[in-house]
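Next come two complexes built around subunit A: one with subunit B, the other with subunit C.
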Partner chain A sequence: MKLMNLTALVATTALVAPMAMAADMADEMTIVSWGGAYSKSQLKAYHEPYSEKTGVKIINDESSAEAVAKLRAMNEAGNVTWDVVDVVAADALRLCDEGLAMEIDPEEHLAAAPDGTSAEDDFGDLLVGDCFIPQIVYSTTFGYRTDLVGDNPPTDVCAVFDLETYPGKRALEKRPINNVEWALLCDGVAKEDVYDVLATEEGQEQALAKLDTIKDEVIWWSAGADTPQLLADGEIVMGSTYNGRLFSVIEEQKQPVAMLWDAQVFDLDGWIIPAGLSDERKARALDYIYFATDTQRLADQAKYISYGPARASSAPLVGQHADLGIDMAPHMPTDPENAKNTFLYNYEFWADYRDDIDAKFQAWLAK
Partner chain B sequence: MSDSTASGPVLAADGTPLKRSLARALRMQKLRALMLIAPLLLFVLLTFIAPIADMLFRSVENKIVVTTLPRTVQALQEWDSNSGEAPGEAVFQELYYDMFVAAEAKEHTKLGTRLNYERTGISSLFRSSGRKVDDIGEDHVKAIENASDKALKDEALWFEIMTGGAGAETNDAPLSAGRQRLSNLTDTSFSGDIGFVPGSAISEILPETTQAYTDFALFTAVADNDVVAEEDPWETAFVALATELQADPARLDGYAGPGADALKAAAEAVAGLEPIAFKPAFLDIDKDWGDSENWKTIQIYSPRTTNGYFLNAVDLQKGTDGIEARPENQQIYITLFTRTLIMSLIITGSCILLGYPVAWILANLPTRTANVLMILVLLPFWTSLLVRTSAWKVMLQQQGVINEVLVWLGMVPDEARLVMINNQFGTIVAMTHILLPFMILPMYSVMQTINPTYLRAAKSLGATNWTAFWRVYFPQSVPGIGAGSILVFILAIGYYITPEIVGGTKGVFISNRIAYHISSSLNWGLAAALGTILLVVVLLLYWAYDQIVGIDNVKLG
Partner chain C sequence: MALNTVQPQTPGFVAAVSAGAGALFGLFVGTAQGSGFIGIVIGAALLAALGFVLSGMREREKPLRWLITAGFLIAGLVLGGISAAIVGALFGWFAGWFIFWLATSRYRAHLAPYLTPGQVLWHYTFRVICGAIFVFLITPILVVMPLSFNAQDFFTFTPEMLRFDPAGYSMKHYEDFFSNSDWQNALWNSIKIAPMATLLSVGFGTLAAIGLSQPHVPFRRAIMAILISPMIVPLIISAAGMYFFYSRIGLQGTYFGVVLAHAALGIPFVIITVTATLVGFDRSLTRAAANMGAGPVTTFFRVQMPLILPGVISGGLFAFITSFDEVVVVLFVGSAGQKTLPWQMFTGLREQISPTILAVATILVAISILLLTTVEMLRRRSERLRGMSPS
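Entry: the complex of A and B
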């Protein structure tokens, strides 16, 4: 027995030692993201410069939409093939809770801002959860057809619930999150009380009752691309979607659509590293994240897509769109002009109430 | 007649009895046949039977509560859930030890997520408690560390006390209990030498402290890969020590092992303090621990298996007094199941209506023309499902092709365009189109085998066209309809992507909820229960079909 252990030990040392000497980091990595224009912005801003700098081969996987379920399945099978995964903050919290993502200490693993501000202060409140490194701030907000609203363009989110002034279909996401907040807001609940009200049975009923007033005029979407398509086809007067999608409808496709920034809901998207990676892969993943979340890199991404960088120090560096040559700053959800009235996605609340309110919401939808 | 060979066994050419020789040949043949189908058998076992078995298992499995909070669950058996009051101090004390270990292993949030499916708010209750559980008994920990000689600040002394010094008599019981507990909790093995075995003297005097220290030692050595003697013990060891010393300081009398003075000093240090109050401490972390409903949920879901997922899947729930209906504003699954069944039947029906004439034409045309037309039937198969479904969106939406044409023709006023998508109609149209080939193909192959002379014979005997078709042709084509219907119906009942895209709210199926629970809410138990019910429904319908029509009457060609 002893002898066997010894030989095994010698064998593994002999195998591992040269590898460890050659490189302590893997020379290939799989990065998972959302695909489309968003992945392209990451490719240009992060992957290409990183590969150039280190010679690492980056494999792109576009599975972020199913990342949580897939990571859980990989973890159960004991074979995690992803190194860095791009997820929204709510999913990151779930993954962290489930022990599927590893904890990352921002002080230890992230670059400080150029002026010396620590990473923790630079990201500030956006560091939600222990496993999540935010990358961008995006918002869910409304876009409307400028040719269908006459000479009375909406300025208030409650226009969504105003069928008299703005008749026609509207698109809302097929889930309670955001919709119930807007419903309560337009039903006279003060912004700071929204979540207290939503925590009660009566508050949930109140929100659904408000949504009930427009139920017949709503097309429910489940993919972010639905609303832009419905707007472009003139199927709807207004609809909610991610601000970057609306930017591309307005500025790239030049459709008669405008943004209604009122009561936009901020959300975060960023990186996690799956739990259970080997030491070499973990070191590589951390090295990539150190690189990809520094001040300049985050500002670079805004050249390709209209999402706001998550670091405070990146904001002044945001320049012009790489192809269109327009200033990107006014298209950022975080621009002071756009961010007059905003919500921040309440992660803690929705982690608790998501299952419950979603069950009620879906039952209400099916009625 | 009395020949000896007649009474003996018949022999084969090589002299072995014929019976045995035959059996061997047959066995070889069977084995060869088995070898031939072995790859398929293995494939089916691995990719079909095993996942289904796993799904069935998941829909009732519930060991997470008892593996994460074993002592709490044990203590909670005494508690009367109808009392309307949270359990007493004893349960909270057990909760403290359970929660601490679970939080170290980062398993407490998993349980929080699991119980949050049953009762809203438990997720954050566990998350916040896991974060703050090490603050409980802070004063006592400090008091022991700062006792007169500060000896118990030293991790090496702790190690020596707990082992009883070199060569002392040892007690394996806490160690194996700890291994069992931790491997249940984390689903990984905690076996192997950790360089620590508790001493038998100390484990008799301070059993709780020894257990807490042993858990710490196991976790440190196995999960963190550190040396036990070089790490500060968990707060649980201090808390257990304080509790035990306060309860009975005299237990140290006669103890002469290592660190006897340090332990006596600790006993003096905590003697003046109030005993640790676990319940108020937990209530302080989160007042929801005082809510008896949360405890009721833990108690109801403490068995290792549960029918809770199945109840949930048919709009019921577990109450304290047995099974009860869910509140009306949460009932959805029965509606979805019936809708899925009814719509699948409608889709099957419309496939029969549309497919029958097509199959008839194909079967009665000359082969050359039929083959060309066949390509048209098969063409949709070569297009991506998503593309086909999205094409229906373009066709059916209010600004879509059909509405535009109707408005242009003046058949529909511009302000009242037809709503043909994001409802049941959209789902039925798109799915009928997608599933039509599955109906046409079996019908076509059955109709091809029907001899046209039968029809001619019927007509020559004076039957009208209709009678000839209905009495002679149709009965012979029924096996094709049967095969097509089974294919289409079973495919339709599990369809997911098309209803999701064109179904709106009224046209979605049960699969859409299953997908939601698999990929979004991560409630795999509920998804498995829904899937199991769907499977059973399909099998039942298949059985009924066999009883009524007879499965022999189904032909694919």
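Entry: the complex of A and C
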């Protein structure tokens, strides 16, 4: 089986690669991402080496937060100006469903691992949807002020709901996703039952009732930069945000903050190619993705930011931080020490229930 | 007796009013320290006691006021270091001045003697409200300035900053602004776009204003309303409309497209200011010029233009600021290649709260103040030229 895969792969790369090279490719491309430290890590790990290798001029747009809305508008106006777009998996699934993203076959368009494992096996379960090429695994988790928790630093996520031991404000994201899961988990629901319970009316009410116990002490955030700022200010005792942000607060800014990895929720971020590109631009975008998602490149990105590479074969190659010189492996959300108790963002559940629970959550917030 | 209402006040009155002022200050200090209520109580009690005692010692005002200032300064120094000492000294100075101002009835000295106590109270309440509005409008802008010299990467007054320790301050965010290629590209884009947009706005706007001020032009009001509409229609609507229109005709994501969009936004400002200047323009001058053989173009540049120039320039400055500050339209009409300063600030604020934004904000505030001062000076000059002010 493995051998067959391998021969098939060699055959396809041998066939496809020269064809792709032969086709005319655009010499300028617009890549859309999230901005900040994340865009910088992509610039260093992907854009600069790719420009050097091919001479392509890469323009960075920092519009990933509005990617879905903007791609819809571009499609309607018949003027797609983006070539490669970095989005979270949930957005990629929506764009794929609406026909705004191109389907990409990983076997045909992605590099195999150095040991010959096919791309499909190397990415494994992380290949969600037909249009999405995952790049990193990040997690949403909690950071807390070490100077505000006394001698009793929190070790599990239920500390968020424990106002007696950890008095003070906490920051939570202004949406139900993740918050309701944590609420149920801390209200005595077993981890494997969380989504079954959440699917019921009573379960949703139970989660909101649990959140109600801390509602007065919650500051709701909507941008990833909010919680780090609040932690640095000492305005909150703990707050949820993306693990890379917390890494930056702790290791780069040297703030008195520590990570609480318990019940962290994994999510994926990666590339899509918008539908409707001309042949030259499509060829260029595919060529870029082939380059940027190979084993070494994904491992390189982890030198600049503490997000885990999406390929299994990249994990052993993760080295030290480019500026700080510290080992990055222990800071990865996927490190075994950190990943003792984790969730994976439940794409299917949230695709079905998001609108409903969102409405209830917003109504509850306004109460 | 009847005319001289300026009499010393009773200790009870001084104590009560001082308590009110003390409560207001206590609210701010107390909130900053964690409990507004305790602050109110302490502030009110402190000033009431001081007011009660001091109103009996009016003759020794000078030394007593120095004493109070010094006392609060030392209390601040002991409780919270240098910054608290400064706040304390300011508060002590105010408390001393306020108590004696009340006790000696100086507060009535400049008011009409027949005012009732209620009217006097309203007179000062009104001023306090105006002052408060002013403070609430200005403070957010002022707070940004010291924070932009923060040595840390957060929007936080660190303990070092509050101690006025030089280690707590740095120019690194200004350095970042001048060395980071993202910010420099954004700055250059703004510098390339704003003057072009201003030039177009001033050209079209001035011509439109002159045309529309001719009495024989049909549908003047309707045309004026259409030209002014970019100022009235919500920006997001104009932006979305321009996006779809410019996409169809291939202007979306181009330098020229952004310039045109910004020019459209700037034109109303130019039309309004130039129309206002034209009201004071004497039309017999153009007839005189024509009588002496000058063509319309010569008349415009030699006679009319110099006289309406202040209006044109102030309109141009508004158009420039509109383009320089604009974020909504450029987000739609521009692409990453035309990223302007406000766009960069917008994404920067959302994705990564970095004090570089504060440094840029400080620079922009300084530029805005300069531009507005220029506008004001030009306005005064034009008033003087038209003989509207006595000087």
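Note that the second predicted complex is superposed on the first by the 344 of 367 C-alpha atoms of A that agree within 3 Å, B and C clash if a C-alpha of one lies under 4 Å from a C-alpha of the other, contacts with A are read in each partner's own complex, and residues count from 1 in each chain.
By our rule, a residue touches a chain if its C-beta (ideal position, glycine included) is under 8 Å from a C-beta of that chain, and two chains touch if they have at least 3 such contacts.
Being a predicted model, the structure only gives us computed values, none of them experimental.
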Three-chain arrangement built on subunit A, subunit B and subunit C clash or fit: clash
Which of subunit B and subunit C A:253 touches, first, second, both or neither: second
Contacts of A:83 with subunit B and subunit C, given as first, second, both or neither: neither
First (subunit B), second (subunit C), both or neither touched by A:366: first
Partner chain(s) touched by A:59 [first = subunit B, second = subunit C, both, neither]: second
Partner chain(s) touched by A:35 [first = subunit B, second = subunit C, both, neither]: second
Touched partner set for A:353, first subunit B, second subunit C, both or neither: first
Partner chain(s) touched by A:224 [first = subunit B, second = subunit C, both, neither]: second
Which of subunit B and subunit C A:68 touches, first, second, both or neither: first
Partner chain(s) touched by A:233 [first = subunit B, second = subunit C, both, neither]: both
Subunit A residues contacted in one complex by subunit B, in the other by subunit C: 65, 233
Residues of subunit B touching subunit A in the complex: 106-107, 109-110, 112-113, 116-117, 120-124, 127, 329-332, 335-336, 339, 397-400, 422, 500, 504-506, 508, 513, 518-524
Subunit A partner contacts - residues on subunit C that touch it in the complex: 152-156, 243-244, 247-248, 252-253, 335-337, 347-353
Complex contacts: residues of subunit A adjacent to subunit B: 65-66, 68-69, 72, 94, 96-99, 169, 174, 205, 219-220, 222, 233-235, 348, 351-356, 358-360, 362-366
Contacting residues of subunit A [partner subunit C, same complex]: 30, 32, 34-38, 59-63, 65, 73-74, 76-79, 81, 223-226, 228-229, 232-233, 253
